[in-house]
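Alright, structures below, take your time with them.
Two complexes follow with subunit A in common, the first pairing it with subunit B and the second with subunit C.
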Partner chain A sequence: MASGETGINLVGEVQPAETFGDRVVHWLDKHASSVFVLPAMIIVLVMSIFPLIVSLYLSLTRVKIAAGGFDITFVGLVNFNKLIFGREQRHTIGKIGEPTTFGWVMFALVVLFLAWGVTRLIRKRTNMSFGAGLGATGLFIIIGLGVGYFLFNFYTIEGEPPEMGFLGMLAWGSFCAFVVMRVLVLIFNRFLPPTVKGVGPILGRLVAVTIALYFAWITVHTFTTLPNAEGNPTGIPGTIFITLYFVIFGVALQYLIGLGLALLLTGDLFGKRFFRITFLLPMMITPVGVAYMFRMVTNTSIGPLTPIFRNVFGVGGDYSWAAQAGSARVGVMLADVWQWTPFIFIVLIAALEGMAQDQREAALVDGATSWQFFRYITLPQILPVSTTIILIRLIEAFKIIDLPFVMTRGGPGTATEPMTLHAYQAFKASDFGGSAAVAYLLLFLATYVGLNFINNTRPLAEELS
Partner chain B sequence: MNIKRIKFGMLILAMALVTAVLSACEPQVVEVEKEVEIEVTRIVTETETVVEEVEVVKEVEVEKVVEVEKIVEVEAGGEMAFDGVEIDILTIAGDAISGPLRQRAPDFEAATGAKINIVDLPFADLYNKILLDAADPNGEFDGYVFAVTWTPDFAAPGFLEDLGPYVEADEDLQWDDITPFFREFSSKFEGTLYTIPLDGDFHQVYYRMDVLEAAGLEAPQTWEEYLAIAEAVHGQDMNGDGEADYGSCIGQTRNGQAYWFVHSIASGYLQSQGTGQGGFFDTDDMTPLVDSPGFVKALEIYKSLTPFGPPDQTNIDVGATRGLWQAGRCALTLDWGDIGPLSIDTVNAVPEVQANTGTVVLPGSREVMDWDSGELVACDADTCPYAIDGVNHAPFGAFGGWSAAIRGSSDVKDATYAFFAYMNAPEQSNVDVTIGSTGFNPYRQSQFLNRQLWVEAGMSPAMATNYLGALEAGLNSPNFMLDLRIPNGQQYQQVILDTVVSQYLAGEFTAEEAAAEIASQWDELTDELGRDEQLAAYRKTLGLD
Partner chain C sequence: MNWLFQRRGLYTPSPFAQIFIYIILIFWTAVVLFPIYWVFTTSIKLPIDVNSGPKYVPWVDFQPNMHAWQKIIIDEGASTTFAPFLNTVIIGVLSAVIALAIGAAASYALVRFNYKPKLGLIGIFVGLMILSIVAVNLGAPIGIVIASAIVIFLLLVQTVGKRFKAHLGNEDIAFWLISQRMLPPVAIVVPIFIFFKTINLDDTRTALIITYVAANLPIVVWLMRDYFANIPIVLEESAQIDGASRLRTFWSIVLPIAIPGLVATFLFVLVFTWNEYLLALFLSTSRSQTLPILVVAQNTTRGPQWWNMSVLIMLMIVPVIGMAIGLERFISRGLLVGAVKS
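Let's look at the complex of A and B:
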């Protein structure tokens, strides 16, 4: 800070005592950056963090409307308990059925993949011996189970033990334990030895793997199930799976189609501008309009495509997309794909146009095949943009509500009901606490998928380029 | 220079402080809820199904059927009694219900000097909005027109005005003309009068007289017969357009009206000992009655009807089935009283429907539940004391109708009451119920007796006799089944029952599993809300305590 007046003190003369005013000014000078940021920080806190905390509190309560306001009772984890292990379990998690062989094979593949990932991670990040790794995993399982058992068994209002799945208890318990641990680490960061800090990410991966395993288990037991005597599947997918279905399959399709269209339209094509604008139109239509349109399009008896359905597919009049769980889900997903592919398309086309020309030309001169061209030149360059738009679409896709609400109202049964609609159902019946709990589960789920996507695609992107 | 800096620093600190203080004063819980509400409104507003109806303008040669005394003209509150008073009323959006309120308002305003302001919301948002507004001592609205099944949730915490004294002092209202069900059960909660009916809602079955006659079939008395007729006539061309039409149209979509339709089928199996028996819970311990062979039977019939309806029957609601009915595409349908006036709508209804719409009291069953043994038993003098020709009918008061209530903390209760009384008075309501677009169905004796009005509206005398006869028979049945009117009834019906029934239709449950699932979820909810309180409330709605 020193300016002209104090320069003479360099020779060691005793400085006059600082006044209070001086000290305040010095302090402010030092912290000027923080002070300037403070109002912005406070606004962020008020606008986003504070409502989050309030709604979190709401999810731990039972709200009744009483004269002159609300009657809010704290009930602990009852609302979550109800969703995951209690009355609403079949709604959220699904009805557990008998898995098919195909389901078991898929599950085995997922387990193998996760096991490979975990071993690789532990080998890479630590120099733990096999015994130590086994011990750590055992400890993790015990702590996870313990926390899960405690949380969902004792923390209920009536204290009645709910029906619990082993894996579910482990997944949710370790997740809760992990969240608490992360918060503690955040607070006491500077007092922790580095070895303890190093365990954090590995524990995080273990929790992520457990949850992934849990979701795979749910999927196998609710989605790919054997039929019962009447020919209907024994399992019913819950709203968690249905949300993930729209998110994962929907976004994957959107990306693939968007990429294909973008690749097609970067070359010199006649009428390029016309096509680009046409492809952008769906994105500009209000989702409810899209939903009504697809409701009409998928109607085989009075819809505009009736002749096609009747003559090409032979299903006119007596068939309804919305009547079967599978086709209803596909219908909703297609509407979402139709609407949001243009978004991916437009971003990718910008990325493709912005590619470095020298590499292209060099590859052309070297006589690269079109696949080599795509794999070694195009893909590495559009990968960073791709991960970003996929992440944005992932987060957006978790919030799907308008399409299923209009097209199928979540039916048949709960076949097309994502968690947003689930929360709305609870809200509509004045179960505000339950509604907030569903919304929070959705937040956890979106965060979980988003974080894992980033964590796992970043190294992949590095490897590819 | 130092002083300047200090001032600047202080300014920043002060700004930060003010921001912090202001932010701490924000309303908390309400804020969060409003966000959700707004989002939801956006979606629902656009999806509300509206059946367009046009007022009947057909001139009919009037044939006097029943002579009725001229009803005394009702003076609505005297000469300019409410000059300058503003009345805010909240109700449902759409042509029906809020439409007639708006149409009648100017006459009332001219007579009393009051100013009526009607605000409407989509059905899905209405309940919450009323609850929030009524709970607020400085609420925005003076009166509400809502689904009468919601009364307990609004009346129990004391949000609504006791209308008993008003009605007692108002002779012009002709309160005794209102049928006993609406007068004694529907408009009261725990013995106190909270609502004035504007609409009488319960289910009956409609059939195409020409189609059934051609097939040599009689109107259905039981649900088995209904199913058999649907099967027999399904695929015939019923409106002369050369396309195959449907045996039975019942909107089975989720988040529609399915939870009422299921109980309309089940009522004849579940309730046989009169209204006081109730059709939802055991009156001693709140055991759900759904987990029983009777309800399972109803579920099976409900699902068996799906193939004899439109292909997307599991994805359409009552708005769509009414359109199909008017287009002459259905031989049978289960609906509220609305089908009567909609059938004579010369613009939207095809001539076959205008001439041949028959009405029959809600079908029942020859077997009823014996709750001691938990089995279905054949009807006899003991098991079905109210049986007609060996069939136990339990007409179901689904929904109960739109009724008007006044916010207890309103400043203009007298004026609000005067407006509702004006709407309810025979002079106005007897005309309104004959017009399909009002959404109002009959609830007064004089509306059933005075067939003249219906004939004037365009119904043939035979159809009017048939329609009003069926409605009257249903309403006057001693075995009328009440809709569920206990606190959080919405969660029992619209959330749990509706979801599981829809899952059952989708093949995710067997009928037995579905019945057990509903019962177990209902039990869990009852325990959550307090079994004793819920039982007490349920018994009160049946008039047992």
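Let's look at the complex of A and C:
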């Protein structure tokens, strides 16, 4: 480094040799661009990326605590097999029961919705001929069923074929086939004829639709099931579906309430700032505190709502909402809604205040009704922010652990146990490999749902605005 | 009667609508504030007042009593309460300061410098990382593996590194840093736990501080990047023309301007650490216990002692509520900027 030498400046005076501190500063300055950004990158590499890779490796191993360290053996996909098809299947995916009429109606609605989505998609991709679309669909079903059939018949876990049913075969098979095809397309992209290139996105959507169907099928067979002779429901949802329950219903409610409050607070109102700060508070309170708060407030014998529980719902004394699967889930979800509505509220209110004023004024002068005003002026302007904020909330909601952990300990049974808690319990049982496998399933699920949400709502948002 | 339903102005709804709006707003205010009020009153109730059914108003329904506060702060303060409290404060402040220092520098650099990390080198780096993990598992000594990996990496950078053309840009680096926030912590906490256990740092404040720095870095980069982007570049240019170095410019021109943003981000990160539960649950057992862990531990075998729990919850939320009042403006701006731009 030149900075270390005794320098001669332009006028010719001899400068004193630099001290060590000066040299360091000089050196840092010369490499300023790296000095600024490297610490952050190193920390993220060491504390996020490296553990992420190790975690993937751990999920493929069995870890035993040995004297003075850990004994790690590579076991392949055993941990994932156990969770999805094997011994832990009831924990992760659930116990299949006989659905109620309500369940079948919900399933029919989901099928109709998905069919509408697929038709729309195929009609919009006009560059693709009808024959090519049909061919792609047929190919997809054949390959998916083929791989699924293979999984079902030739692939055994602990000597037994995996239990998955027709839809499961199609979903898992097409998913595996899709991953393989996607990799092949990435590698051989430049050699493909242009007509085939358009098939990729369609195939992707078809896989998403199949997986959604499969998930809906499992959901109605685990959440809404007929009771058995003792009056207990025959189906029990697994942690994947409990997580999805919290994520989907929780975020939907948060968005609706947050949007409603934000819309009400945009006008000129007395005490606006007071309401804004108050509505913000739940977000800042520790989730553990929120959980205990909810347990206190919703206690049916000593809580403040006891009169309501007793007179309106006719329950009290020994009754506890936390002892019933359905009400326990609703309770945890409501606590989550209470805590995270502010996040959506505060972003939406800032977006509403930043809206272009001229359009609003023109619409009001022209005498637009409140609904027209909302549909054609407000909604288009807040839709882009909304998709982003919902995505952020979706991803955060997948991490839920504190509330169910404190409110119900994941119970009764596993009725309120999300995947993070599942991973923690595996960790507590010193099953580090299993814990990492659950965590990776969660990572896949969150990424997959997030990507699908963005892919499907961005075009919709653009269309509406 | 028509005036009741007539809009009063462009931004003023009709009186009828106003009444309706206020009813809903006051209802939600009650939904938000009542649980906090209930926790507060529970903390000043005697056990018998808690257990004998709902008592709502102090002095009317029950006589306030400070026994729980006395127990938590004075009787058990030195033995159980203060250590977790101190842990939380130290861990929170230190990790927030470190994350802010590192994150602010990185986000400033991402706004002002141009980076072109080469894809090939990143691939080599990740490949070497995977190889070394495999090698360590096959029984190679960890020191030698790391040293040789670094040597191989430097060699490859000097030789084949120049040949790679494809590269990433600033946006990619920023996205990569911010996207770490999206990662479920449970996916990385087991290796972190094993890592700290191997180097005998498990259940220490240091371990938690390092982990929280990593967890908070993405938020700092996310919030500060937009803040720096809005500072006019003219000031820095004139400082550089006057002969100030890059570090000097950053230290004496940019940072003073950015103080409001830095303070807001600091408080924001502090609140996140203050409330964090999952990482603390995995990484601390007794010595480095934080407040959320202590609160959960109150669920004793004799059933939850609501009065003691309420005191602890009040201790946890009072500082945070204070911050919320101060932070309100910053939060909406900070969150929105990130949301709109991404």
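Going forward, the second predicted complex is superposed on the first by the 331 of 465 C-alpha atoms of A that agree within 3 Å, B and C clash if a C-alpha of one lies under 4 Å from a C-alpha of the other, contacts with A are read in each partner's own complex, and residues count from 1 in each chain.
Just so we're on the same page, a residue touches a chain if its C-beta (ideal position, glycine included) is under 8 Å from a C-beta of that chain, and two chains touch if they have at least 3 such contacts.
The structure displayed is predicted, hence computed values, not measured ones.
Student: Looking at A:74 after the superposition, I want to know if it touches subunit B, subunit C, both of them or none. Which is it: first, second, both, neither?
Tutor: second
Student: Quick one: classify A:187 as touching subunit B (first), subunit C (second), both or neither.
Tutor: It touches nothing on subunit B or subunit C.
Student: On the A-aligned overlay, A:429 touches which partner chain: subunit B = first, subunit C = second, or both, or neither?
Tutor: After superposition on chain A, A:429 lies in contact with subunit B alone.
Student: Who does A:346 touch here: subunit B (first), subunit C (second), both, or neither?
Tutor: After superposing on A, A:346 lies in contact with subunit C but is clear of subunit B.
Student: Which partner reaches more residues of subunit A, subunit B or subunit C?
Tutor: Touching more residues of subunit A than the other partner does is C.
Student: Now for A:325: first (subunit B), second (subunit C), both, or neither, which partner does it touch?
Tutor: The answer is first: A:325 touches subunit B but not subunit C.
Student: Who does A:95 touch here: subunit B (first), subunit C (second), both, or neither?
Tutor: Only subunit B is touched by A:95; subunit C is not.
Student: What is the shared patch of subunit A, the residues that subunit B and subunit C both contact?
Tutor: Of subunit A, residues 25, 28, 35-36, 39, 43, 46, 50-51, 54-55, 58, 69-70, 72, 286, 288, 301, 401-402, 405-406, 424, 427, 432, 435-436 contact subunit B in one complex and subunit C in the other.
Student: Within the complex, which stretch of subunit C touches subunit A?
Tutor: Checking each residue of subunit C against subunit A gives 7, 9-13, 18, 21-22, 24-25, 28-29, 31-36, 38-39, 42, 50-54, 56, 102-103, 105-106, 108-110, 113, 115, 126, 129-130, 133-134, 137, 173, 176-177, 180, 182-195, 198, 210-211, 213-214, 217-218, 221, 245-248, 250, 271, 274-275, 277-278, 281-282, 291-292, 295-296, 299, 304, 306, 309-310, 313, 316-317, 320-321, 323-325, 328, 331-333, 335-336, 339-340, 342.
Student: Show me the residue ranges of subunit A that touch subunit C in the complex, using the header's touch definition.
Tutor: Its residues touching subunit C are 25, 28-29, 32-33, 35-37, 39-41, 43-44, 46-55, 57-58, 69-70, 72, 74, 257, 260-261, 264-269, 273, 275-289, 292-297, 301-307, 338, 343, 346-347, 349-351, 354, 360-361, 364, 384-385, 388-389, 392, 395, 398-399, 401-402, 405-406, 419-420, 423-424, 427, 432, 435-436, 438-440, 442-443, 446, 450.
Student: Over in the complex, which subunit A residues touch subunit B? Could you list them?
Tutor: So the residues of subunit A in touch with subunit B come to 21-22, 24-25, 28, 35-36, 38-39, 42-43, 45-46, 50-51, 54-55, 58, 63, 65-70, 72, 86-87, 90-91, 95, 158, 228, 230-233, 236, 286, 288, 299-301, 317-320, 322-325, 401-402, 405-406, 408-415, 424-432, 435-436.
Student: With touch defined as at the start, can you tell me which subunit B residues reach subunit A in the complex?
Tutor: Those in contact with subunit A are residues 2-3, 5-6, 9, 12-13, 15-16, 19-20, 23, 26, 28-29, 31-33, 35-36, 40, 43, 46-47, 124, 127-128, 131-132, 135-137, 153, 157-159, 244, 253-256, 310-312, 314-315, 488, 490-491, 494-495, 499, 502-508, 510, 517, 520-521, 524-525, 527.
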